[in-house]
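Two complexes are shown next, each including subunit A; its partner changes from subunit B in the first to subunit C in the second.
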Partner chain A sequence: MKGIIQKYFSTKRLILLIIAMAILIFIPALENRRLLNIAIIALMYVTLGESWNLLSGMSGLFSINHALFFGLGTYGVTFGLNKLGFSVLGSILLGLAMNLVAATIVGYIGTKLSGLYFTMAFIGLWQTVYTFSYQFFSITGGSLGLSMPRELLLSKRTLYFIALIMAIASMIFYQFIRRSRLGTNFVALKENPDLANALGSNIRGYRFLSTIISACMASFAGSFYAFYMMTNNPEVFSGIISLKIIMVVIVGGMGHVFGPLLGISFVIMDELIRGMMPSQFAPFSVIIYGFALIIMAMVKPEGLISIFKKKPKDNGVAAKQSKKATA
Partner chain B sequence: MLNEEMQVIFIFIERKRHDEFFDIFIVQGDYMNLSAYINIIFNGICIGGLYGLTSSAWSFQCGALKFANFAYGASLMATMYLTYFGIREWNIPAFIVMPLILIFNFGLGMLMRKVLLKNENRGTQIITTMALNLIIINLVTFVFTGFPRDMALLEKRLYITETISIGATQFTAFCLSAVILIGFNTFLKKTWTGRAIRSVVQNRDAATLMGIQSEKILDQAFALSYLLIGISGMLLITMFQAEPNYGNYIQTIAFVVCVSAGLGSLSGAFGTGILVGVISALIQTLLGSQWNDIVLFGLFIVILLVRPNGIFVSKKNVAKTF
Partner chain C sequence: MFLKVENATTRFGGLVANDNVNIEVSKGEIVGLIGPNGAGKSTMFKSINGFNRLSSGEIYFKNKRITKMETYKICKMGITCTFQHAQLFQGITLEESVLLGAYNRRKTKKEALKFAHQMIDFVGLSDKKDYRVSKLNMFERKKAELAAAMATEPELLLLDELFAGLVPTEVDSFVELVRKVNKQLGISILIVEHVLKAIMSLSNKVYVLEYGKIIAHGSPAEVTTNPTVIKAYLGGDYDADVS
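Coming up: the complex of A and B.
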């Protein structure tokens, strides 16, 4: 057990993690509803960020409408509970199944064609689902949405702990995949697909798999959002949510577990500021997000996480290799 | 008893709805008249020619020059809004507004090329242009408000026979877009700059060795494609309402047209644009307008799955596997 812990986290990181957990667990004790709401949303974005990080940061397939998977999770839960009369677990599974279908279509196109076509197929599917959710009032509830049964209303404290567990689980899952053989193959997809193919890695299968895993992670976050909002709305598919998901990862650091955790500082800041501003200035938050994303992607593509990283010594790797060679 | 009455009322309503549905096809008292269909198809062709012009700009940027520009729809939408506000709200004469908008588009294209698309990495290009897309949409919402705008041009109809007619503005827009596309094609084929652009697209290193400044040529080509966007935006406002999310819609239409024509082919884009326009017009009349987007974009995904290199293209090397 000690060996496993040491394999994944160093002692310093473990202490930092315990301090962070202590802070996170005592947020509900402050009895501040607004703070609690912001914390729930921020933790949900950690899960979504890890999901995007797995698809784009690790495997190098760029989905610029990741809210599609998120929204399908939300619609699955509300549709299953409201229209079909499923149980809670059944409706979550319905959302998951819808996401699997979407991920299969997109992933199949991703395996056949280059990254640009993958992004285009994603946008096409997103546009279809978005218009479907708006136009077909009898099935999706239109812009009014379908409401959930009242007895499923959870207290904010419970929701907070569910979000916390989900965020931690997604981070552990990401790190587990990154350290496993699967993760190495995913990184090979991003870094050099031709070389990976030449070395015998089944890159089509891995592209497919990364799309499906990412869709499932986003689906759970979407199901959670349905229980948080108690209704659905076509706006869960909107570009603003996709932008936030991407920004969280890019600002924090792409391809790194703690990237989204640093990136949500931006979401928290925005939510705190937005409470003081008049609603007329709402578009400005998106504009600021966009500029932050552009500046980070252009100037510092490795993200805020690079501040905490030590600079690698020049001789370190070479010295180790020479030692191995002599031995 | 009540039940039966209800049923009678219900049947009455149903029959009325049925009649309304077929009202579209009643021309001079006939059901499913042929001239009605011809009118619909003419309408589709006129709109489709404009779709062809709009999407050829994206095809040129993304297929030929290899810039992943996902801020394309928002640029079109901003152009539409500026045209509307210049002519209708600020009362500037049209012959002053049009050059100004072309200059604005040229500047936007140069700025994007110098700042965002300087980066060669495809992923960074996709992300930054997507962010720019949302920035433009929200800036437009803030400055012009999200209220849909329409030029509300009085539609004159050109009568071919007594029942068959074409809208005058639509026909003009179709002819203009055809002329512009033919002009653009001859520019690419005949002039020195056009040939330089094509050589840089084919093999940049060889072109540089032959004495072409490839960076400068790419700048010019990208700015040129933005001029195309400016012209097509000005033509689009004569037919469609401008609203902040219209850009995303027209961008997806451009995907449909470009992918079915094969990415990078300009003359193919015009042909498939007409095809998409006709299909869209037929869907709207036969199924109802709420099905338009779903069927069209569903078709796009099917085309991507079955024939990703283009419907009429037999080449295998257009879309790279990895």
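Coming up: the complex of A and C.
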């Protein structure tokens, strides 16, 4: 255990971690509802970002409609509680089960098709579910949504800590997967599927597995969102959410565990700008972050993470080796 | 019967890439497969590997039929290939690339990593194991690819133009490496190559393909003096008087 700690946390990292923790615990103490709301949403996007990062950043299956998994998690909870009278746990599991079904379909498509065709098939499924959520009023509550029982209303502070724990757990989970046998296979799948196959990696199986794991992660975020909103709404399936999930990871850095964490600066900025502008101009905040994205893409195409990375080849290796030599 | 390709025919639409090809490899042998460009060598390799489906014919490995098996299952059986253009996994380190191969027969990360290190040592790249593959030069990439393929613990290695793009001195050291793989680890090798000097010194047996057909086979010495082979390589007008 001590070895593991020494391996992953240098003193510098540990200090950074403690500062980050202090800030994170400090936010709810401010008693600022607006700030707290932004923090909750941002932390939720960390979880969603890691989920997308696992499927697209690690395994290379470009999911353009990740809100499908997110929305199913939300609908599972509201539907389970409102219509079926499930317990909280039961309805979260219902969301998970719905996601498993969706992920099985998407994953099956993923084993047959790859690249753009996978993305197109994914869009088809998403559009079906989106339309279904709007049209079948008796089941999904249509655009009005299904409300959750009042007694399940949680305080913002509780929600904040749940979101925080989820975000941290998802990051640890992502890193755990990345370092395991699965991670090596997933990355190989992204980099060169044919070679991975020739080296004995069951690429169809891993594509499938990656979709399922990613969907489950997004499902938890979706279930959380149901408790945050206390209702459902077809907008959880909307393209805007999918886009934001993708942006969070791309801005932060694809295929890296800290990518989504850095990327939520984009979500926070978006929210803050909206708040600062006079209300009739609020929609124009899109323009500002649109510009920010274009500049990002030109200056830091690998995402914000590239600011923190050392030059990969020489510095990193040399430093590592000298450390080993002294040890 | 180690590897046996029986009457293998592959058609792409109207084009016949392989026509009734018969190849046999015994255990411990190095077998060469040569032929002019477009003769169907790579197609044959892909068929053995399961990337292509044969139009007709059968392939047996260790007396089991592997004709319609999936590539990763063939790898589990004990056949691994390297690719014509050494790409490997550009974005990850050499160590992890080889690690993927090592996972083929090893369950835990610890064992797999240990074996991967052994293989990296074997090809002589242990000082570069933390480098990204994209930072390696062509010679090192080819070695890395060989290490990854060997990490799967194959009984038969298919090497597709391993020496392409290397300068002559590198070819020489690579020939030694391949021989070491064959002798020390006892891995049989089927090799496609354009560098004839290398293949002639390595192989126990050579097959010559032209227009998808095997036109000659035998020991390197026999094949190089075969008039049909010389004609295939140098054209019909050449005076094939090899007395």
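By definition in this document, the second predicted complex is superposed on the first by the 283 of 327 C-alpha atoms of A that agree within 3 Å, B and C clash if a C-alpha of one lies under 4 Å from a C-alpha of the other, contacts with A are read in each partner's own complex, and residues count from 1 in each chain.
In this section, a residue touches a chain if its C-beta (ideal position, glycine included) is under 8 Å from a C-beta of that chain, and two chains touch if they have at least 3 such contacts.
Just so we're clear, the structure is a prediction, and the values are computed from it rather than from any experiment.
Asker: Looking at A:E191 after the superposition, I want to know if it touches subunit B, subunit C, both of them or none. Which is it: first, second, both, neither?
Answerer: After superposing on A, A:E191 lies in contact with subunit C but is clear of subunit B.
Asker: Go through the superposed model and pick first if A:S51 touches only subunit B, second if only subunit C, both, or neither.
Answerer: neither
Asker: Can A:S210 be said to touch subunit B (first), subunit C (second), both, or neither?
Answerer: Neither partner.
Asker: Of the partners subunit B and subunit C, which touch A:M298 in the superposed model: first, second, both, neither?
Answerer: After superposing on A, A:M298 lies in contact with subunit B but is clear of subunit C.
Asker: Which partner does A:G200 reach: the first (subunit B), the second (subunit C), both, or neither?
Answerer: A:G200 contacts subunit C only, not subunit B.
Asker: Under the stated touch criterion, which partner chain does A:S133 make contact with: subunit B (first), subunit C (second), both, or neither?
Answerer: In the superposed model, A:S133 contacts neither subunit B nor subunit C.
Asker: Counting residues of subunit A touched by each partner, does subunit B or subunit C come out ahead?
Answerer: Touching more residues of subunit A than the other partner does is B.
Asker: I'd like to know which partner A:V286 touches here: subunit B for first, subunit C for second, both or neither.
Answerer: first
Asker: Show me the subunit A residues, by the header's touch rule, that subunit B contacts in one structure and subunit C contacts in the other.
Answerer: Comparing the two interfaces on subunit A, one with subunit B and one with subunit C, the shared residues are 194, 197, 203.
Asker: Which residues of subunit B touch subunit A once you look at their complex with the stated criterion?
Answerer: Subunit B reaches subunit A through residues 62, 68, 70, 115-116, 119, 122-124, 126-128, 130-135, 137-139, 141-142, 248-249, 251-252, 255-256, 259, 290, 293-294, 297-298, 300-301, 304-305, 308, 319-322.
Asker: Hey, which residues of subunit C end up touching subunit A in the complex?
Answerer: Touch residues, subunit C against subunit A: 49, 51, 70-72, 75-76, 80-81, 83, 87-92, 96-97, 99-101, 103-105, 109, 112, 130-132, 135, 148-149, 151-152.
Asker: Quick check on the complex: what are the subunit A residues that touch subunit B?
Answerer: Interface residues on subunit A, with respect to subunit B: 56, 60, 62, 64, 105, 108-109, 112-117, 119-121, 123-125, 127-128, 131-132, 135-136, 193-194, 197, 203, 239-240, 242-243, 246-247, 250, 281, 283-284, 286-287, 289-291, 293-294, 297-298, 301.
Asker: Residue numbers of subunit A touching subunit C in their complex, please.
Answerer: 179-181, 184-185, 187-188, 190-192, 194-203, 255, 312-313, 316-317, 320-321
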